[in-house]
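What follows are several structures.
Okay, so subunit A shows up in both of these, paired with subunit B first and subunit C after.
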Partner chain A sequence: MTSILEWLQLVLAPQSINGLSIGVAVVLMALGLTIIFGLLDVINMAHGECYALGAYMVVLILGMGLSFWWALVLTPLIMGLFGYVMERGLIQRVFHSKDRHTLTLLLTFGMATVLEDAIKIVFGANPQRVEAPVTGGTELLGLFFPNYRLFVMLVGGAIIVAVWLLVFRTSLGAVVRAAAYDKDMSASLGIPVSRVYALTFAFGVALAGIAGVLLAPIYSVFPTMGRDFVLIAFSVVIIGGMGSIKGAVLAGLLLTQVQSLSSLFISPVWNDTLLFGIMVVVLMWRPQGLFGKLGHA
Partner chain B sequence: MLDRLTSSPSSKPNAVRFLAWVFFSAALLFAIVGTLMGDSFYVRLATEALIFGGLALSVDLLLGHVGLLPLGQALFFGLGAYVSALVLKHWAASFLLAIAVSVALCALAGLIGGLIAIRSKGVYFALISFGLAQVVSKVIYNTRELGASDGMTGVPIVTVLPGLQTDNPLGFFIVTWVVIGGMYLGLRYVMQTPMGRLFAAIRVNEHRVGFLGFDAWHFKLVAFVAAAVVAGLSGALYPMLRGFVSPELMFFQVSGSAVVNVIVGGSGTLIGALYGSGLLTVLKSVLGSFTAHHHIVIGFLFVVVVIAFPRGIVGYLVPLLEKRGSNNPRGGQA
Partner chain C sequence: MKVNKLAAMLAMAGMGTVALAQSGPIRIGVVTPLTGTYAGIGEQVKWGLNLAAKEINAGGGVMGRQIELIYEDEEANPSVAVQKAEKLFQTSKVDFLTGTVNSGSTLAVGQVAERNNKLIATTVSFADSITGDKCSPNVFRVNARAGMQSAALAAWVASTKPGAQVFYLGPDYEMGRSTVAAFKAAAEGKGAKSVGELFAPLDNKDYSPFFGQIRSSKPSVIYTSVAGNDTVRLFTQMAEFGVNRNVLIVGASGTVTGQNLAAIGKAAEGFVTGVGYSTLIDSPENKKFVAAFKAENKVDPDLYGTDSYSVLFFYKAAVEKAKSTDTDKVRTAMRDLKWNTPQGVKTMRGGDHQAMQDMYAVKITNGKFDIVGRVAAADAIGPDACTKF
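Moving on, here comes the complex of A and B:
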């Protein structure tokens, strides 16, 4: 009996906490994807590259001699501006075409190719390390946790709650939800729909950037770092329901827990296979995902 | 969408047929002239372009004709390549056996993949096909029996016909030319049949197809399996050309460039897929001699095409040829 308790305390709990810190970042990624999809019906295939770009911003800002805290504040602003320009300059141009689902997907896919190579040209292909701003560990309930993981959970969790409040409890969020629900009606009520679109896209990209900042000290920073990570975010968004904020948060936390706990029993190389298996089962049961779209729920 | 149906190239075959003639004659001419000049590198590169053109054909079947965007079509291409390599290495060095087993297994994989992916629509389909390929390529990447990340080398040289072996650059180019050309003609033919018209109907308005008494799901599954077979058959040629297979063949870059080929060449035209594959192969080898970062140029080109010429090269050329080719403006409708 005690051995089971010890196993729970010393093996399962730390694994679960580690999973939670990754999970918070995955939720931030998935929130960006799902908000963009919920409002604009655009799948941002370049989301993984935006995440990588966010991580490289840390490298850049630390290289300029500024602290990690500056990176945490500046990166979302820079990435948001980047997202705004991307929406205005590119996505807006095909947005009114009849095939916009396919065209915007292809467009962001092209952007992903360009961004990945651009990162390689500017920063080089070699992985880079980022020092964590908080070091050491804390003992909680007889367990030792790296402080930075706790920090990620705290900051990430706060941002998730802030996003939730912003979308569901403020008039700005109401504008976004109204535009998602019926863009023509919103436009005739005086909402500047196309600016709302661009700002929402910028907001989603900024969230991917923050996820990149938070995970940069945990993983190393390299040009293709977004590729595998974005697959998890896509699975989360598909399972949670494309365009659903509630779905992204719940599915994100759940899936990363499954992922980190399953690696106690099976080799981590089968992680993606497991995720995909779950995704297929959920889709067979509910093809539209677990929850409804933004503005419809 | 409706205007795309009525003006789809299948209703005015002359310009498309002309472009197909130009493509296949130019390809053959290039290989023959190249061989006469003592080259084998570019002849093999052209063979590879044709093989990847076959993959692009399968993407166009789904994207341009049924309206499903596959982001993981390299799954079936890579599967065909692995099966073909395994048959040639461990079973018998027989061209027809390798092709037959690859086609059979890709049809089966297409059926299973289709049952999973066809349930979903639109962007969900694109992401599911993307995930499917990602997962299978990861499994192969981690399976030591299949060579893991190194892939498999040492695929034997195969005799296709008496006196015609796969290590002969021109000979194998012609074999590939016949296979890809055959698949092109076969798909062209299918698009003229009632089933092909139904594919177009599904692309334009899937909802209405149900009211006409047809089961759209059923036809989408048929198209998905057919696309898997086309991709798998093209893939089966790959190890015969290069003598090895690697898990990279299934990676997203391969699926992604197939989509790029189709869009740049012109989706919904079939021959556009081959033009796109040829053009991008030329572009990559020219740019590759200047810089290691040719992806950024190709990515930019792709973005420009999507914004400014969403119908691609062939979609852009066909109306021009129509106008020039006939004095009667309605001649194409006949």
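Moving on, here comes the complex of A and C:
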């Protein structure tokens, strides 16, 4: 009996809490992706590289002698501006064409390749280190837990709640949801739809940037860091329902728990197989994902 | 007399045309990861090769022919490596190919080389199988394999921590599995006890989900063979969670290298590995090489850069011995060939195409690879397990 308790305490509990901290990070990534899709109907293939760019902003800002906290405040602003320019300068141009889906997919995919190479040219291929601003650990019920992970969970959780409130409890959010539901009607009611699009895109990119900042000290910073990370975010968005905020949060937390607990019983190399297996089953059962699209729920 | 002179002139003219026909550059294909998790390793490979090509070309080339290197990015992905190798053999008509990093890529490209009747050499891949049960008559290895590294490391661990409780953590592919198996066998042979093992996917983002399992098996030594960016994450996260407290961390030679050492920072201190190279090897050849490498690239060479540097001299020595770039003649020349490297004279064992060399146990002290032990080539090489040729 004690051995079971010990296993619960020393193996299962930390595994689950660690999974939660990864989950918060994945949800941050998936949120930006799903909001952009929900409103603009655009799949941002460059989302992973926006995340990487956010992480490199920390390297840059720390290199300028400013603190991590500055990076946390400045990066979303810079990345938001970057997203705004990207939407206005590139996506807007192909947005109204008939093959919008194909064109935006190709465009953002191209952006991803260009960004990754640009990062490599500017910063080099080798990984970079970012010191965590919060060090040490906390003992919880006989478990050791790094303070920085707790910090990521708190800040990440706060951002998720804030995004939720912004979209569903403010008039700004109502405008965004209205534009997502019926852009022609919204436009005729005087909503500047194209600016709403650009700002929402910017917001999604800024969220990827924040994820990059928060995770830089844990995952280290290197040019291809976004490539594998965005895959899990994509699966989360698909399972949760393309464009659903609630879906992204629930699917993100659920999937990372499944991954982290399953690695106790089966070889972790099956993680991705398991993830995509769940995705296939969900798609067969509910092709639209667990929840409905933004503005439709 | 006059006739003789004319004959001599004719003969010289004849030789001239022969020499001309062979005076085009010798093309050497390099399939190496220039992007992806092993991009930093690919960088060292490139630097080593470029330096060697520059020195050889400045010294008159190979049998009077210049060396031309043709690079292709394999993204540390065997399926990409196969396409790129095929392209280099078929389209660029390279005479020789090197550069593969991922052991899976080396094995796959070896098969491409067999089909094209060309030779390749790896300067990085550790997996024992490459010169063991999956050996190929077309594949040579100039770097030390996992078994040789393990022999050096196991001898050091046994003398420092007799009867250690060892936990193994490797990346889940050919190299990871074979390094763990090799070290496990070597360590158990020296009296260590194995308390658990775990294989994480390549490019794993977060190792913390495994820490509960590691902690509950209470190891005194953790052996790991993750490499590249994976090491940065593993070591940073181990320090973050305090998993490394009172535990000796040892690992494969590719785990911590010049390429990721700076990014790991303090968390790398005290790490010990068995390796075929250290910049601190005290010989005039090595000092000259390190100085030249540093002058060219602003950073120290690591084992990959060094072995990639020496592979061109290996090829040069073989071609000059064979007096030809013909595959069969060069292969015969390569077998049992002795050639000079920054690590001293290496011998290419004819039976399995594995280079023999002295091995070292090195410990990271103040950001440098300090030599703490040495095992002679003959004791480290292990039996010839290749039965194909």
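Note that in this section the second predicted complex is superposed on the first by the 297 of 297 C-alpha atoms of A that agree within 3 Å, B and C clash if a C-alpha of one lies under 4 Å from a C-alpha of the other, contacts with A are read in each partner's own complex, and residues count from 1 in each chain.
Basically, a contact is a pair of C-beta atoms (placed from the backbone, for glycine too) under 8 Å apart; a residue touches a chain by one contact, two chains touch by 3 or more.
What you see is a predicted model; the values in this text were computed from it and never measured.
**Student:** Superposed on subunit A, are subunit B and subunit C clashing or fitting side by side?
**Tutor:** clash
**Student:** Between subunit B and subunit C, whom does A:I191 touch in the aligned arrangement: first, second, both, or neither?
**Tutor:** Neither partner.
**Student:** For A:V155, select first, second, both or neither according to whether it touches subunit B, subunit C, the two together, or no partner.
**Tutor:** neither
**Student:** So in the superposed three-chain picture, is A:K120 touching just subunit B, just subunit C, both, or none of them (first/second/both/neither)?
**Tutor:** Touch partners of A:K120: subunit B and subunit C.
**Student:** For A:P287, select first, second, both or neither according to whether it touches subunit B, subunit C, the two together, or no partner.
**Tutor:** The answer is first: A:P287 touches subunit B but not subunit C.
**Student:** With the two structures laid over each other on chain A, which partner does A:V269 touch: subunit B (first), subunit C (second), both, or neither?
**Tutor:** In the superposition, A:V269 contacts both subunit B and subunit C.
**Student:** Classify the contacts of A:S235 with the two partner chains as first (subunit B alone), second (subunit C alone), both, or neither.
**Tutor:** In the superposition, A:S235 touches subunit B alone.
**Student:** Touching A:S97, do we find subunit B (first), subunit C (second), both, or neither?
**Tutor:** Only subunit B; A:S97 stays clear of subunit C.
**Student:** In the superposed arrangement, does A:F109 touch subunit B (first), subunit C (second), both or neither?
**Tutor:** first
**Student:** Between 26-34, 44-52, 80-88 or 134-142, which subunit C stretch has C-alpha clashes with subunit B?
**Tutor:** 80-88
**Student:** What is the shared patch of subunit A, the residues that subunit B and subunit C both contact?
**Tutor:** In subunit A, positions 116, 120, 269, 272 sit in both the subunit B and subunit C interfaces.
**Student:** For a test of understanding, state which residues of subunit B touch subunit A in their complex under the given definition.
**Tutor:** Residues of subunit B touching subunit A: 1, 63, 69, 116, 119-120, 122-124, 126-128, 130-132, 134-135, 138-139, 142, 252, 256, 259-260, 263, 293, 295-296, 298-300, 302-303, 306-307, 310.
**Student:** Note which residues of subunit A are touching subunit B in the complex, please.
**Tutor:** Per the stated touch rule, the residues are 37, 43, 90, 93-94, 97-99, 101-103, 105-107, 109-114, 116-118, 120-121, 227, 231, 234-235, 238, 242, 269-270, 272-273, 276, 279-280, 283-284, 287.
**Student:** Would you pull the subunit C residues touching subunit A in the complex into a rising list?
**Tutor:** 34-37, 39-40, 42-43, 172, 198-201, 203-206, 208-213, 215-216, 228-229, 232-233, 236-237, 240-242, 259-260, 262-265
**Student:** Quick one: in the complex, what on subunit A touches subunit C?
**Tutor:** For this pair, the touching residues of subunit A are 6-7, 10-15, 18-19, 21-22, 116, 120, 125-129, 132, 137, 144-146, 148-149, 217-220, 222-225, 228-229, 259-260, 263-264, 267-269, 271-272.
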